[in-house]
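So that you can tell them apart, the chains are marked A, B, C and D in the order they are listed, and the count of residues begins at 1 in each.
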Amino acid sequence: VSGFDWPVRVYYEDTDAGGVVYHAGYLRFFERGRTEWLRSLGFSQQRLGAEDGALFTVVSMSIEFRRPARLDDLLTVRTEVREMSGASVHFDQQLLRVDESGPLASAAVRVACIDAETFRPRRLPEPLRGRLG
Amino acid sequence: VSGFDWPVRVYYEDTDAGGVVYHAGYLRFFERGRTEWLRSLGFSQQRLGAEDGALFTVVSMSIEFRRPARLDDLLTVRTEVREMSGASVHFDQQLLRVDESGPLASAAVRVACIDAETFRPRRLPEPLRGRLG
Amino acid sequence: VSGFDWPVRVYYEDTDAGGVVYHAGYLRFFERGRTEWLRSLGFSQQRLGAEDGALFTVVSMSIEFRRPARLDDLLTVRTEVREMSGASVHFDQQLLRVDESGPLASAAVRVACIDAETFRPRRLPEPLRGRLG
Amino acid sequence: VSGFDWPVRVYYEDTDAGGVVYHAGYLRFFERGRTEWLRSLGFSQQRLGAEDGALFTVVSMSIEFRRPARLDDLLTVRTEVREMSGASVHFDQQLLRVDESGPLASAAVRVACIDAETFRPRRLPEPLRGRLG
């Protein structure tokens, strides 16, 4: 797998009184990108939770906000796996707009797999490891 | 009980590109008012869910948005019980700002008590009925 | 125009600790429906604000929450104009899921056109009136 | 100035279907901490924007999510200035809960001062520099 692009549209709900996207809103966009990638590979978080008892949780994140996104913008969230260990995945993500050469924002995100009951780290479900690897 | 006032401050997170509070944000303010009223009476929703298996869910809401709230505003959420039945409570709520004679927004909110497992309507926990009544 | 359907997907960002979509989240879904309808008719709110000085603001809303939407659900927002006056539009909206006969939620929403500078009511831009009428 | 503590309460609006605070919600808590610190020093962002033409924007952020916060939790946001340059401030922030020895989450946040019209970097307003320094 070499990456995954997902479109997001900016609505009023995403903006703030500065006239641009509120900074925490980028995290929601990045999560949609990761979630839709999983879905494109055949995995629903709802089902992974209910059937495998596997939840995903963001452990750490490093984000750079370079240029503001604005109301009505149509953006692309680009998601790549940088590294994978037994219980976690390290994603590189970018938020792109067609008229800009570089990303509006970029993020390095570490997501861990945890047990839905105990909230303790657990191994990624095997089929998912296979698809992301 | 004749009503309960709770202060809320407007942050960037609450505003939108129109420069004012995003309309859905008022629902969050109103819910904080209801929750803090319950808390002031000695009830935590966390504990009502875990110990009594009772969740609260908004069944219907009618809201009027009269004047915009803005960044940095300090507002008051006023909450009153208009009516109570076996399984639901009907609240009247207002969002007030000290320099305005009338409310910035007002809402009539019907909240039902449901079972945490089945999501079916159930009777309000007795101690809570006693305090709200 | 007889109505407009727009798909929305439920992400973690939309849910709450009750395991379902947070009630204020429905307002965001309904607004996406109205916004995308405008867009499908050729109108961007960004441009209406910048070029015509026309903003839209929700004046009142009446919502019924009937059945919960859940993580990963793919929903449809259905939007219809019930009535239009000089300065406002009254929408009827429904949130639908394919496995349900009735709507998960329905809303009657009154949106007013206001001047971007003065925030006072103003007539709907003529081309928009023509398209919605 | 050696730091500033601000209380935040966790409401349903802050949680997600995992039963804990949604990860982007921590950014809102951290921003409330920074904003209230400014306010405690006599600065309102509303006024800094309107009178000095100075907006603040998050340029980069590095966050670690260590332990989940939950519904009804009463938390403390601790904010310290690590470093200050002409046009930006580097904050260290922690989210604390009284029963935990370490922070639930910690963040290093770089905030830049920008011109409200041009969105270009500008020097921090002098009185603010004096108070934060």
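The rule is short, and it goes like this: contacts are C-beta pairs under 8 Å (C-beta built on N, C-alpha and C of every residue); 3 or more make two chains touch, one makes a residue touch a chain.
Just so we're clear, the structure is a prediction, and the values are computed from it rather than from any experiment.
Seen from the Cα centre of chain C, the chain whose own Cα centre is farthest off is D.
At the chain A-chain B interface, residue numbers used by both copies make up over half of all numbers present, so the two copies contact each other through mostly the same positions. Note: centroid distance chain A to chain B, computed from Cα atoms, is 32 Å.
Chain A and chain D have centres, each the mean of its CA atoms, that are 23 Å apart. Along chain C, residues 12-13, 18, 24, 28, 31, 70-71 each make contact with two or more other chains. Those residues of chain C that touch chain B in the complex are listed here as 18, 23-25, 27-28, 31, 55, 57-65, 68, 119.
If you check the complex, the residues on chain C that touch chain A are 9, 11-13, 28, 31-32, 35, 39, 44-47, 70-72.
Interface of chain D with chain C (complex): residues 12-13, 15-20, 22, 24, 70-71.
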